[in-house]
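Letters A, B, C and D mark the chains in the order given here, with residues in each chain numbered from 1 onward.
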């Protein structure tokens, strides 16, 4: 069918992707000062990103470079995010740290930026690998997916129906995590656990709230919910704590200690996890500076020092922050973010 | 000054024609059609999932509808005057945050609610003044204030957020508690609804809202204080959006700078589905409230029936169109039947 | 200024040296007027003379640029229509001002419904009071019916009922009878006489001079916004009055030319629209003017609408020059050479926010096109031609039609349709609200058109007009054609008999 | 009031003038604004709004509105991604997507004209429905690997100039739209319908057919925008172009199009679109936060309706002084 002269997916695949890493890394190069690094989160005013970017700001200050933050006010305004990439390009920043709303949509603009000699680091949410120099991952997707299942399984005694409450259906990181959760569930020790449904609350408090209600009505025997999104887990917790299911249906996932403190204390939630977003921002900033200073180029195997830790760049330019922290009634009061 | 009716019954010699009764019925039917759709959907859902109408289920249904019912009630008043207030979502968001901020600082819940309502009144007044004094299209002005209020909200709130942890327990419990299956919030909404409906039907100024929506020029000639009434409608709408903000806070315990974004579409849908006509002059707040119930309930019914959330949006939209279309077809049928029976009033 | 000589009671309401301009248009120049209790005072003048403007000034709708309004001899300033109403002035405006979504009862009592305890509306009493008003006017309109869909005539009746319900000291009526037929007018006059006897002052506007002579005691004439005279009507003739209004002698009012009818142009065969009209058949020949008479609500307008394709018919057929028309398609009717000057000029005849030029141009969208684009030059000259031919009074052809006086608006509607060069012209109440001078003009025009071979179907509630102009009179009663009367036999009696269903025609 | 004065205070002229002033000022004073790359960004990112604004202006002039445009765009992008994944040729896919847009528009139009439903209500419904169908079609997929020559066309510019390649076809569409609205019988009839539907019908204008055409064309243009969007951002997702309708409406309103119908010019609408686009670009370059930009948009909208009123009042007052 492709013979009639049109272009199909196959033809494109045959073109082959060309990774462009031209320069060579010089691990001993001096850390440049006076650089400008622009942070472009998925959404400004989002508490999670604000903490992350604050971490980046502190790191840059320490390194003697300057920080700026721009970004759209809606987490689904991809076109807005693209135009902010353009803006940063126009402003000739030295590097930018981007949390991509969409793995593909930013590509043209980001490549344009890299062509203009701007280093691009993605953090929290990645783009396609060829559209950035490096990705700072909050924790390996595998770790996150698997540990959340482990957490919940323990809470429900390795038995019963569970569901997942995700954000938007298109959220890349969510989908990767969910895939790993399903992988983990294949382990025979979870044979009595059944994943009955993945629901989507679109990171909207009210929608997540109603999705939780729906889950509980549809599956009266539901024993636990995993919500790998800070908005979702909060809404689910608020619903559970005001309903008869409080304490009976377990809830875990990704949440911030400040959001969840109340629900941990009132017994709605036993434990949940998260990385420290400030550390994520910190590492993103340091990676950006290292790139701009020429210490790394983003190739697999390169190493660089950020603070006291030495990080090694993994496959496809991915840098892992480390394992997430699990919060529960015992330790939650030690955290404030 | 009260004009009393003479005691003798002077109406007697004008028998109400069958046509009139039919007209009456059509008007009642407008809401009836939605009510029937609503009940049918409830029954289907209950048949598919017996948990749906459990005590918790009913409570959830009512709670979900409460906030939308309040805002839709206010909105219908504005729509009846042939205007619209698109800024309700922004107003809801900012007043919810104001109330939350005050409560987090250790404030009194009653004062917090009052604060939210006052805030709503303020923005309602702003809209009302711009629309009525400037005599400019409400759609544009309130789209403008939608952005302005949202912007102010974002600048003021920044990345701060109110979480349940910072709020008094009593306030949060009030948000989810109730008398058996009937939540307190739903009771408040019900009272507001009934009082508003009674006012619209039985008070001169309420009827004048319909009059000026039906024909603004004629209203001016009839000596109706048009600007004052429009201002009042907007203020009331703002006040209810503010109240809804306080309730949102109590219900969800969670407010940030994005709260209420895009809410205007939901509210407008509810009002339209409820049969309040956008060109003003007709419709009732009960209809709008039913529309609100229908819309929020769909969002609970589909998950309860186990419909994948991938399908929810599409089904939602199609149901919305069906609801309006059925309403319209019924109205058309009856009108043509009426025309044939009632060729002329002779 | 001449003051009325009879030293009766003091005037309840007076205007002193009032001026009012709209932009460059000076609608009123130094006009004075006195209204005495117990008199019916006529206000006469051509279209655009400033009558409605004067009334709106009295009613507080417009603020005069100069001059004073005196109430019981005291100068007052009305800040809005509400103020005037509170002062006991009730007004029927030229164009009905109803709330379509509200019931007739609410329309009448809006803002002053009978109240119960706590200021609640007494719906029952409102209903009863409305029913009583309807009885007084002798019409059977259901008080609970919404005003939407009322015919113009019924709307006018509701307006009259509203004005009466005020029990006002001053009643101002701007062409209240324009849409009414004889019996309703008679009814209205009966009521007005009662009011007059009760001491109310009535200001009455009509372009039907016989009505002025029937009910008024004094008449004030305006011309081009200026006051011409105020004088008792006794001893005046219609010609005197016309001369004051127009400033010259009038052409013959019904300049009917004798024509030999030609081929059949319009054939309407057993046309039925369920519940509206039944089994209507007639023909109109080239060169013929056929009058369609009947009481208000007989269904004449509905027949015209169906023939032109605005409404669909349920049975029967219509053909022009032997070619059948498509059901419910005005565009094909137009293409076949049909034109309809509709009854309601504001809603149906004109796009009020568009210019005169564009309004007239609207019927020529198919013809004033060059290479797919609008030929603006052709459009303008076509519009100008007809505006001038019909003597529309306007400042610039690019002005929107809502700045025109009612009569001039009507002329624009006529112009718009005559510009299509129709074979069959249906005119529905063509001279409603048009002054005598123009009326004669319109009649002459219709006559000439007929002479040129146009088939004219004229619907009118003005019986003298029908009798004066028609070659043949068709009469409708309750949705059926009840009589066809040749010119020679058509008299008020024969037509009215058929119209009220008392006939065996 | 002299004619020149009336014309001068017409709002669309004012918006056009403001746009020119903003552009000139920005060239002089804003770093990074004037270079070709930035201008191409500006135009490229504004194009989707401008594309939809063309038919939307006509539709609004006729007294109707279509809120489902963004969803139609999203749907056609989603279908494009889906079919592409199925291995169809892009040359077949694009016409299919456009046809889909025609169907979407037709559905809106039929619901409005045949059933006599208010377009606001109908298109709020189809806004959800079309987006929902897009979600069913593409789910969580995100398709990015469209052929380079198409991506380049949608995102690239002509040589080193500031003109995006896709701008030229847009200009052609703009010219066509201007001619249709302002110089043809169809456009004249559109204004008449918007100002008074009944009077238009009595003048023999085929109101329903014309509205149906307008809705259909709007659907077509929306799907074209959806295809453009997916190629421009090299990403087909079901939630592409979410919220675009509000941007379009804000811009069109700013350009002086009256939502009661019957008034407005395409020039004004397009000036409104690019004024908002340019302001956003400039404000971003000047580090004005997204939040403050929202406020500016809001204030502009309010001014856009208050402005003409004030101007008119001044004109009337002046005329009064002249006559007296």
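The rule we apply is simple: a contact is a pair of C-beta atoms (placed from the backbone, for glycine too) under 8 Å apart; a residue touches a chain by one contact, two chains touch by 3 or more.
Labels paired with UniProt names: B = Autoinducer 2 import system permease protein LsrC; C = Sugar ABC transporter ATP-binding protein; D = Autoinducer 2 import system permease protein LsrD.
The structure presented is a predicted model; accordingly, all values stated were derived computationally and were not measured.
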Longest centre-to-centre distance from chain C, chain (CA-based): A
Centre-of-Cα separation between chain C and chain A, whole angstrom: 73
Distance between the centres, which are taken as Cα means, of chain C and chain B, whole angstrom: 42
Euclidean distance of C-alpha centroids - chain A vs chain D, Å: 34
Where chain B and chain D are represented by their mean Cα positions, the distance between them in whole Å: 30
Of all residues in chain D, the ones touching two or more other chains: 135, 139, 289-291, 294
Where chain A touches two or more other chains at once, by residue number: 44-45, 73-74, 169
Pairwise chain contacts, counting only pairs that touch as defined: A-B, A-D, B-C, B-D, C-D
Interfacial residue positions of chain B with respect to chain A in the complex: 49, 51-52, 54, 56-57, 60, 64, 154, 157-161, 163-165, 172-173, 175-177, 252-254, 256-259, 261, 299-300, 302-306, 308-310
Sites on chain D touched by chain C in the complex: 1, 179, 183-185, 187-189, 191-192, 195-196, 198-206, 262-263, 316, 319-320, 323-324
In the complex with chain B, residue positions of chain C that touch it: 59, 61, 80-83, 85-86, 91, 93, 97-102, 106, 110-117, 119-125, 127-128, 131-132, 134, 140-146, 274-276, 297, 299, 478-479
Complex contact set, residues of chain A against chain D: 1-2, 4-13, 15, 44-45, 68, 70-74, 76-80, 82-84, 86-87, 89-92, 102-108, 112, 128, 168-172, 175
Interfacial residue positions of chain C with respect to chain D in the complex: 21, 23-24, 65, 310, 329-331, 333-334, 340, 342, 347-354, 358, 361-363, 365-366, 369, 372-374, 416
